[in-house]
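Consider the two complexes below, in which chain A is the common component and chain B and chain C are the respective partners.
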Partner chain A sequence: MSSIEGERIRKLVVACDAGMGSSVMLAGQLRRELRKLPVTVEHHPVAAIPPDADVVLCQAGLAERARAGAPGSVVVGFRMFLGDPAVARVVAAVKQGGVVVGTTGN
Partner chain B sequence: MMPRCRPVLEPRGVRVREHAADRVAAVHRCADVLEELGAVHPAYREAMLDREWAMSTYVGEGVAIPHGLDRSRALVRRDSLAVLRFPDGVEWDGATVTVCVAIAARGDGHVALLSALARILLDPLRAKGLREATDPAEIVGMLNAEDEP
Partner chain C sequence: MAELYAPAAQDTSVKARVQRFGGHLAGMVMPNIAAFIAWGLITALFFENGWLPNEKFAALIDPMSHVLLPVLIGYTGGRMVHGQRGAVVGAVATMGLVVGSDSPMFFGAMIVGPLAAYVLKLVDGLIAERVRPGFEMLVDNFSAGIVAGLAALAGVLAIGPVMRVFTTAAGDGVRFLVEHHLLPGAALLIEPAKVLFLNNAINHGVLGPLGIAESSDSGRSILFMLETNPGPGFGILLAYLLFGPRALRPSVPAAMAIQFLGGIHEIYFPYVLMKPSMVFAAISGGAAGILTFMVTGAGLVATPSPGSIFAYLAETPRGGYFGVLAGVVVAAGVSFVVGSLLLGFGRLARDEEGM
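Let's look at the complex of A and B:
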């Protein structure tokens, strides 16, 4: 999928290679930011993304693997764990509405 | 006797005066400490180096979080963190790292501590406090701080 309306997002997945480090940190942060909203935030290895993930956030270098493993999800790549504008756009779309567009390429 | 539940991060897992010539040496020191704690099988070291090489574990504010790969989970004996402070800094793929939070996890025992770390790093003053802290008990306290409501 290439895009989704923010208000339709129910499950956000943060994916990294191991699902034990960076994705855990970012997922914790997002869970906190979105805790008053009906959105589930989970962290998973990029090879095991659940099929009902609406949006997948992962490091830009893993985006291709994420797209292959989660064809039904909008995949958004990011470069920084703290304050990445791509992550901020997803949070804003969930909170205030708007379209989340998946990233293409790396 | 009740089995004793070891905390994920203990003061003896915190080393405040480490030195490393480069990123590889720093990851080796992280693996050394996780091994000393009995948290990982010796082969976990290779997975940490592979992961670091594939993609930097730098997360910002002078902090990196070296850890293994999905396939190395079985090499983890219990969810544990170690904190290594490199006062002189270590060159890290273009950044300078002062604090490594080394992760060994097979479950989710470390999730709360990593969330606390994220909150600290989002606040530049608290991030500076973490980089400059020299008392292991204080560092353990910072990372175990409860989430405010």
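Let's look at the complex of A and C:
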């Protein structure tokens, strides 16, 4: 999938290589930011993304694997683990509505 | 902001494929890291040269590294292929390698665990539609039991001996690099691969297993520190903090804490990827760190995971602090100096603002 409306996002998955390090960190931040909203935030290895994920966030270097493993999800690649605008856009779309567009290539 | 420095990292499917393969290797080890840490702490404490030498507790060391850890890897590898049934068969199959082996059979476990599970998956596929109602449990249990038993026998007879040759050869290869002072050159391979998110694959898939084999003999191994040294990443982040693009600087202190104290190295990879020449800072810092570890005879007892300075301190063997800390500090210093040079000591940042 290539895009999704912010208000339709129910499950947001943060993925990293092992699903134990950086994804846990970012998922914790997003969980705090999106508390009180009807969105679950989970972290998983990029090779084991649950099929019901609406949006997958992962570092751009892993995005190709995420897209291959989660064809039914909107995959958004970001660059920086702290303060990346791509992550902020997803958060804003969940909070205030708007379209989340998946990244292609890099 | 990130686009200032620009070139996008190349994303080829070769890279994705290598990542995926490495991810499988690391994926068999990383869920079991707690067991490795438990083993490392017991070794550091109760080993004959440890903090509190104790024969009774030290009796745990060998069975844990030779049996428990490989079996956990085989179990997890089997689970990746075929769920709980695959996991059980993978664990039993690994026993076939473990029996009668002098060194821990990690690589063997990474092969036979998934392989035995795959065989069971094929068998399950063949008989799935043919079982009469009421006989499912009988067939399921015995098909898995028979496959597991046969896999264990195959391990004893065939795969074990082959893997023992391979493990010995890999150990000899590492010893050759150490004895000929070539180990710092490993940084040429490790540091670039690391920032392409192959860090777990290299450390947990390759270096960790080799290191445990060494450390269960001698109580320490330098191999645990080749990829996990938090020094090079810290030096690069420090260079960015002082001389990087101004828009990036505010986020760097948090990244430094997460990297150095929390051990999540991924956080500095983007800073290298956005200016690929920074990989030379990582390589030179990494090589300088390894050289320092070699000269001081430093080593850790188990894989520090995550690669935090706290994990380093917890897994340093008694009396080994100087070399370990020196290697971290030297690596950070060298990568900071080289990184600062590459960033033009802030000149690049000023030029951009002038535009």
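Everything that follows uses one rule, which is that the second predicted complex is superposed on the first by the 106 of 106 C-alpha atoms of A that agree within 3 Å, B and C clash if a C-alpha of one lies under 4 Å from a C-alpha of the other, contacts with A are read in each partner's own complex, and residues count from 1 in each chain.
Please note the rule applied: a contact is a pair of C-beta atoms (placed from the backbone, for glycine too) under 8 Å apart; a residue touches a chain by one contact, two chains touch by 3 or more.
As the structure is a prediction and not an experimental result, all values here were calculated from the model.
On the shared subunit chain A, the superposed partners chain B and chain C overlap sterically. Of the two partner chains placed around the shared chain by superposition, neither chain B nor chain C is touched by A:Pro38.
Contacts of A:Pro51 after superposition: neither chain B nor chain C is touched. In the superposition on chain A, A:Ser22 contacts both chain B and chain C. In the overlay built on the shared chain, the residue A:Pro71 is in contact with neither chain B nor chain C.
Working note: chain C versus chain B after chain A overlay, options 91-99, 163-171 or 325-333, clashing stretch identified as 325-333.
Judged by the document's definition of touching, chain A residues 17-18, 20-22, 25, 45, 47, 59, 61-62, 80-83 lie at the interface with chain B and also at the interface with chain C.
On the chain C side of its complex with chain A, the touching residues are 2, 8-9, 11, 13, 15-16, 19-20, 23-24, 26-27, 30, 196-197, 199-201, 251, 254-255, 258, 262-264, 266-267, 269-270, 273-274, 306. Interface residues of chain A, counted against chain C in their complex, comprise 16-18, 20-22, 25, 45-47, 59-65, 68, 79-83, 105-106. Considering their complex, residues 17-22, 24-26, 28-29, 31-32, 45, 47-48, 59, 61-62, 80-83 of chain A touch chain B. Taken in their complex, chain B has these residues touching chain A: 51, 54-55, 57, 59-61, 65, 67-70, 72-73, 103, 105, 108, 110-112, 114-115, 117-119, 121-122, 147.
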